[in-house]
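In structure tokens below, several structures.
What follows is a pair of complexes built around chain A, which joins chain B in one and chain C in the other.
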Partner chain A sequence: MRSLMLFKLMIDLFFYGSIMSVLVTLGFGISTDSFNIGGQRFDDLNPTIITFMIFTLLRPITFFIAVYHIKQLASSFIKGEIFSDPTSRNLKMIGYGFILYSVVESIGEYLNSIVNNIGDTIMSGNFMGFNSAWFQFTLGLLFVFMDRIFQNAKALEQENELTI
Partner chain B sequence: MKSTNLLNVLINVFYYIILNAGLVITGMLIYAGIFDDRVGISVGRSSFGIVDREFASALSPKDYGKVIIAICIVILFIKTIYHLRKATLKMIKGEMFDQVVSENLKWTGISMILYKVSSLIGNLYSEVLYQNQFTVGFDFGGFESFIFILILGLFFILLSNVIKNGITLKSENDLTI
Partner chain C sequence: MSIVINLDVVLAKRGMKSNELAQQIGITTANLSILKTGKAKAIRFSTLEAICDVLDCQPGDILEYLKAE
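After this line comes the complex of A and B, so read on.
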């Protein structure tokens, strides 16, 4: 129970800390007289830069979806609702969040290479480390799959209760 | 079913790619550490890069520390994916509430945490010994941030406990039948 509380504390700290850091970054970006993405300034706006901006904004949003559902899942576990509908729904949403994040990040990286003329970076062989899109996509699929396991366990639990 | 097959293919391809890449990188690092013949391989000094395209200068004692940390990081990453793959393949086979799944999920979490701790030590090592600086702070930079990987690692350990719970449920159910 203590480790669960620690886990919940960490996820809460990370969730609110990330939101604050994104808001501060966006605040700095908006306050400057030209458009600013991650410290990079753009004076003229063309469709590629606008798409790049959209994907840069989508990246933290998809990440927050996943982190928010991990937070919800931790709350369910603390309440003792282990094999329940909200738990499996949260697992599925974490999975979709990770999948979306990996797709958005890959497209964002590709657009970044076009905007900054740094050559083609899509699938550039970044496999080592948890930042690789491949790992994030696989992890996402695993969480979606885990939703089924939890539904299975829920059915088992109900059967058990009925027998008793 | 399609997503299960895709997961199966992805985890296998990813595992074998990183295993091969890991072997090549570890081999190069060991080669650099043992032979140190100033040909082609050097330890990146300013960043935590391990292979440099420039001709290498002789390795100093502090470079050896960095080589050892880099090898540990590669091994821990491969270990993480190895355990994740083992658990996933067992789950795909339909054996969800199994001791093997629970053990492998636990080791995935532990390896993930150890990987991140060693990469943090590596970064601090580089900063202190090569740049004479020391930075402390929270990193909220997405997937690779220390705190997020720590959370993910703890989450896998928690999931392994949940699977253990499921094993008990299943055995109770089987006994009743």
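After this line comes the complex of A and C, so read on.
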């Protein structure tokens, strides 16, 4: 239980800290008119750059969706709702969050290579390690699979409770 | 469900109340109610044995199989 409380505290700190960080960065960028992406200012807006900007903004959104549901999952566990519908739904949403994040990140990287003339980055670099889009995609699938396991466990628990 | 619980019938024949049976076999009245209403997913042999012992009946008197149409 102590480790669970610590986990919840860490996730809460991380979640609210990240939101604060995004808000401060955005606020600073807008107030000082120095808004940029990856240190680069885009004065000439063409469809590719606009798409790149949208994907750059989508990345933290999908990330926050996943972290928010991890936070909710921790709350459910603390309440003792282990094999419940909210737990199952949160696991599924975390999975979809990771999958969406990896897709958005891959497309964002590809657009970045076009915008900055870097060359094809889809299969290069960042393939190995926890940071890679492939790993995040796989992790997302694992969470979706865990949702199935939890649904199965919930049915078993219900059956056990209804054994007189 | 094709397995029907006839506990009500046996209880009525014996003139015994549900809470009395629940107390004697050592389960809660809520659980006995789940069993009586057919919401139970399974019944333990120990529970069945206790019911048969208290009501002086056979498992077949309590459980009945009806073929689904």
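In this text, the second predicted complex is superposed on the first by the 158 of 164 C-alpha atoms of A that agree within 3 Å, B and C clash if a C-alpha of one lies under 4 Å from a C-alpha of the other, contacts with A are read in each partner's own complex, and residues count from 1 in each chain.
Everything below uses one rule, namely that a residue touches a chain if its C-beta (ideal position, glycine included) is under 8 Å from a C-beta of that chain, and two chains touch if they have at least 3 such contacts.
Here the structure is a predicted model, which means the values were calculated and not measured.
S.K.: With the two complexes overlaid on their shared chain, look at chain A and say whether chain B and chain C clash or fit.
M.R.: Verdict on chain A: chain B and chain C fit.
S.K.: Once the shared chain is lined up, is A:159 touching chain B (first), chain C (second), both, or neither of them?
M.R.: A:159 contacts both chain B and chain C.
S.K.: Which holds for A:63: it touches chain B only (first), chain C only (second), both, or neither?
M.R.: In the superposition, A:63 contacts chain B only.
S.K.: Which touches a greater number of chain A residues, chain B or chain C?
M.R.: Result: the larger residue contact count on chain A belongs to B.
S.K.: Once both complexes sit on top of each other, what is the least C-alpha distance from chain B to chain C, rounded to whole angstrom?
M.R.: 6
S.K.: Report, in rising order, the residues of chain A that make contact with chain B in one complex and with chain C in the other.
M.R.: 159, 163.
S.K.: Hey, which residues of chain B end up touching chain A in the complex?
M.R.: Touch residues, chain B against chain A: 3-4, 6-7, 10-11, 14, 17-18, 21-22, 25, 74, 77, 81, 84, 88, 91-92, 96-97, 112, 138, 140, 142-145, 147-152, 154-155, 158-159, 162, 165-166, 169-170, 172-173, 176.
S.K.: Note which residues of chain A are touching chain C in the complex, please.
M.R.: My answer: residues 158-159, 162-164.
S.K.: For chain A, which residues count as touching chain B in their complex?
M.R.: Residues in contact with chain B: 3-4, 6-7, 10-11, 13-14, 17-18, 21, 59-60, 63, 67, 70, 77, 82-83, 101, 127-131, 134-138, 141-142, 144-146, 149, 152-153, 156-157, 159-160, 163.
S.K.: Sort out for me which residues of chain C touch chain A in the complex.
M.R.: 27, 31-32, 34-35, 39-44, 47
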